[in-house]
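In what follows, a structure is listed as structure tokens, so that the remarks can point back to it.
Think of it as A, B and C in the order they're written, each chain with its own count starting at 1.
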Amino acid sequence: MITFESVTKRYPDGTVAVDRLSLEAPTGEITVLVGPSGCGKTTSLRMINRMIDATEGRILLDGEPVQGIDPPTLRRGIGYVIQQAGLFPHRKIVDNVATVPYLLGWDRKKARGRAMELLERVGLDPALARRYPFQLSGGQQQRVGVARALAADPPVLLMDEPFSAVDPIVRTNLQDELLRLQSELNKTIVFVTHDIDEAIKLGDRVAVLRVGGTLAQVADPKTLLSEPADDFVREFLGHDRGIRRLQFVSTEALRLRTDLTVPEGGAGGASGEPWLLVVTGDGRPVGWRSGERPGELEPYGTFVHGRDSMRTALDAALLSPSGCAVAVDEEGRVVGVATRRALDEALAEAADG
Amino acid sequence: MGDGPPSIWEWIGRNWDTGRVDSIKSLLTDHLTMSFVPILLALLVALPLGLACVRWRWLYQPTSGLMNVVYALPSLPVFMLLISVTGLSQATVIIPLTFYGMAVLIPAVVDGLNSVPDHVRQSAVAMGFTPLRRLLLVELPIAAPVVLAGLRVVAVSSISLVSVGALIGQGGLGGLFTRAYQNPFLPPVIVGIVLIVALALIADGLLVLAQRLLTPWVRARKGAAA
Amino acid sequence: MNWLLSFFGWLGEFFGDADNWTGSGGIPARLLEHLQFSALALVLAMLIAVPLGLLIGHTGRGEVIVVVSANLARALPTLGLLVMFVLLLGASSIWPVIIPLVLLSVPPILVNTFEGIRGVDPELRDAAYGMGLRGGQVLGRVLVPVALPLILLGCRLSAIQVVATTTVAAYTGLGGLGRYVIDGYATKDYASVVGGSVLIVLFALVVQVLFALLQRVTVSPGVSRRLKVR
């Protein structure tokens, strides 16, 4: 666990970057620091591994004040990932990843072996190990940056806007990859971003900082969206926080109808229904058939029942003229249909909770 | 001993304008000619050549390779080898200095033109500038700071390099050095060094001034950044 | 084309003369002298300029020294400096000549080393410290390898300077290939002037090639980006 105890950073010119920040980053969780530029989020992060020293207050790493630890020694036990990856251009990828193991005096073979293992773990082709950083794309470099930070298996990982320099598609991939890695590794991660969507997607806990370096609110993403502490947080969260909150509402309780499907090629089904879902022999959706124009099939949207959120289910419903969302299992087989009424009921419940 | 050696001021007074070719004044005039002609010539050649290298990319590699070789040639042997072609004239010094100048200025012109942001070039094209007007009104002004920085290097090194020509009797103020060495006497050396350094500083200062007048936006930007 | 004929005539005369290949005034001996003086001056200059440039670039303190020395070195006339030192210190040893040689070769190395270190991407420096490298390790394992092309460029420029100035220094009594040129000019022995000049030019070009090779060997392909992206 990382604990900030009333930490202040004041520069010699009098600027206060961080103002009496008290915060906990629990072991094995992702704590996201988010806020506009000038809110001191990066400064706070860099005070943990003493890239910057706090002016007042204490930062504890599992109860031990970091101020008492020799900075290089401290940093070798903390993974550090930055925006442009900061890979060493003169060293091959494998040696970049093995940097900290080398520093810790591992023998070359062991360090390289570990590096190869990590490259695979972050989803990189081992053939890239022999290349130099300039031969990799931005997304690949960022993965190497993560692998390098993990090389000596540090319990703590500091990530300073690691994904903000790559394009949106790559960023989404990297975020998903990080969540997958975290589910295997359970590191204590402190993650800095200015992107509230990224914060909500990745964070177990999100700390919103305001300009001047004070803490506005710290909460889990769902609470943050439903109960912003003040106008600043509300504004920072943006306009569609109601919709976004739905991504934390499970579809488990959503009532499904199983009588609205008809097999492909077959006719009829429960008559009187305006829309029927046509499915293949092995249960996969084909399209919606309307009672008015039985010859045509309309598009459909699906969600994985129980795994996907209400936001996905609602999105699936809005994609189809039928207004219903198709619930599927992990293999993509139809398990039922969520009608407008069912969605309506679930939404009403979400609004209450 | 009788009279001691003359003080440096006495020596200057006695040698400033004797009407002979080795008076300080006449050496200074020679020095100015032999340093400024190459600076000017180098600029006149480097501008079109640099433009050509930007226009036809394949030209740059061989040109810069050649200029690297030229730059590496020591001046004295080059002067000596040229004597058989140009004789003991000022041209023997001016020609190599022109080439040294080109070796610095051609890359400067190319770098300067390459520093023109692509979106600026594109928008100039889109606004309907003809290639010549675009060059004169958009690209050259943006390239000017880099070219002028190169010109400063060329000016200062040309002024100091001329003095090596004294070893073949064409060194402008460098003549003071050979004179001082032949009848061991310090004041001419001091006067020569001081005058050459002063000339170099004045030339450099004038180019800095020219840079400010020609590219006022560079300073404005620096001021805004500070 | 008359001059071309006499040029080759002089060359033949110079290189064909068996006396020019032996003894203390022979080509091998003069070549060795030239190499020794140049190398001595260059190594001394590197010993001064590289650490100083690294220090100033790494700490960011003392930039003024770099700027002033660079401008001054370009403006100072080499011949004048050589004559001044010899007149002041006498010509009893090689040092009155070697000192100005070193002084003039320090600035190019100093400027380029400084610029090389200062020009390293701050993110890279940040990452290096963030991973737990100590100050010296950051300098030695990251900054120097990344700045190496510029450091070597500075050394190459100084080498050019030293080879040329060593030639000029023959005027003040130093040995080396410059002797052929200076003595030949004084005695109107044009074979010696032309032969010596050609030797010096070749010497300078060989030094260039050696530095290019050194760059190839020592600079990481990741920095020079020599490899094609596959």
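Following the convention adopted for this analysis, a residue touches a chain if its C-beta (ideal position, glycine included) is under 8 Å from a C-beta of that chain, and two chains touch if they have at least 3 such contacts.
The model shown is predicted, which means the values in this text are computed figures rather than measured ones.
K.L.:
For the chain pair with the highest number of C-beta contact pairs, give its two chain identifiers.
P.N.:
Ranked by contacting C-beta pairs, first place goes to B-C.
K.L.:
Central chain, going by Cα centroids?
P.N.:
So the chain sitting closest to the middle is C.
K.L.:
Just curious, how far off is chain C from chain B if you go by their C-alpha centres, in Å?
P.N.:
Their C-alpha centroids are separated by 21 Å.
K.L.:
Using CA atom averages as chain centres, what separation in Å is found between chain A and chain B?
P.N.:
The mean C-alpha positions of chain A and chain B differ by 60 Å.
K.L.:
Averaging only over C-alpha atoms, locate the centres of chain A and chain C and give their separation in whole Å.
P.N.:
Once rounded, the distance between the two centres reads 56 Å.
K.L.:
Going by the contact rule at the top, pick out the chain C residues touching chain B in the complex.
P.N.:
3, 6-7, 71-72, 74-81, 83-84, 86-88, 160, 163-164, 167-168, 171-172, 178, 181-182, 185, 190, 193-194, 196-198, 200-201, 204-205, 207-208
K.L.:
In their shared complex, at which residues does chain A touch chain C?
P.N.:
Result: residues 49, 51, 71-77, 80, 82-92, 99-100, 103, 131-135, 148, 158 of chain A touch chain C.
K.L.:
Where on chain B does chain C make contact in their complex?
P.N.:
The contact residues of chain B facing chain C are 68-69, 71-78, 80-81, 83-85, 153, 156-157, 159-161, 163-164, 166-168, 171, 173-174, 176-178, 180-181, 184-186, 189-190, 192-193, 196-197, 200-201, 204.
K.L.:
Under the definition above, what is the set of chain C residues touching chain A in their complex?
P.N.:
Listed in rising order, the residues are 121, 123-124, 126-134, 137, 142, 145-146, 219-223, 225, 227, 229-230.
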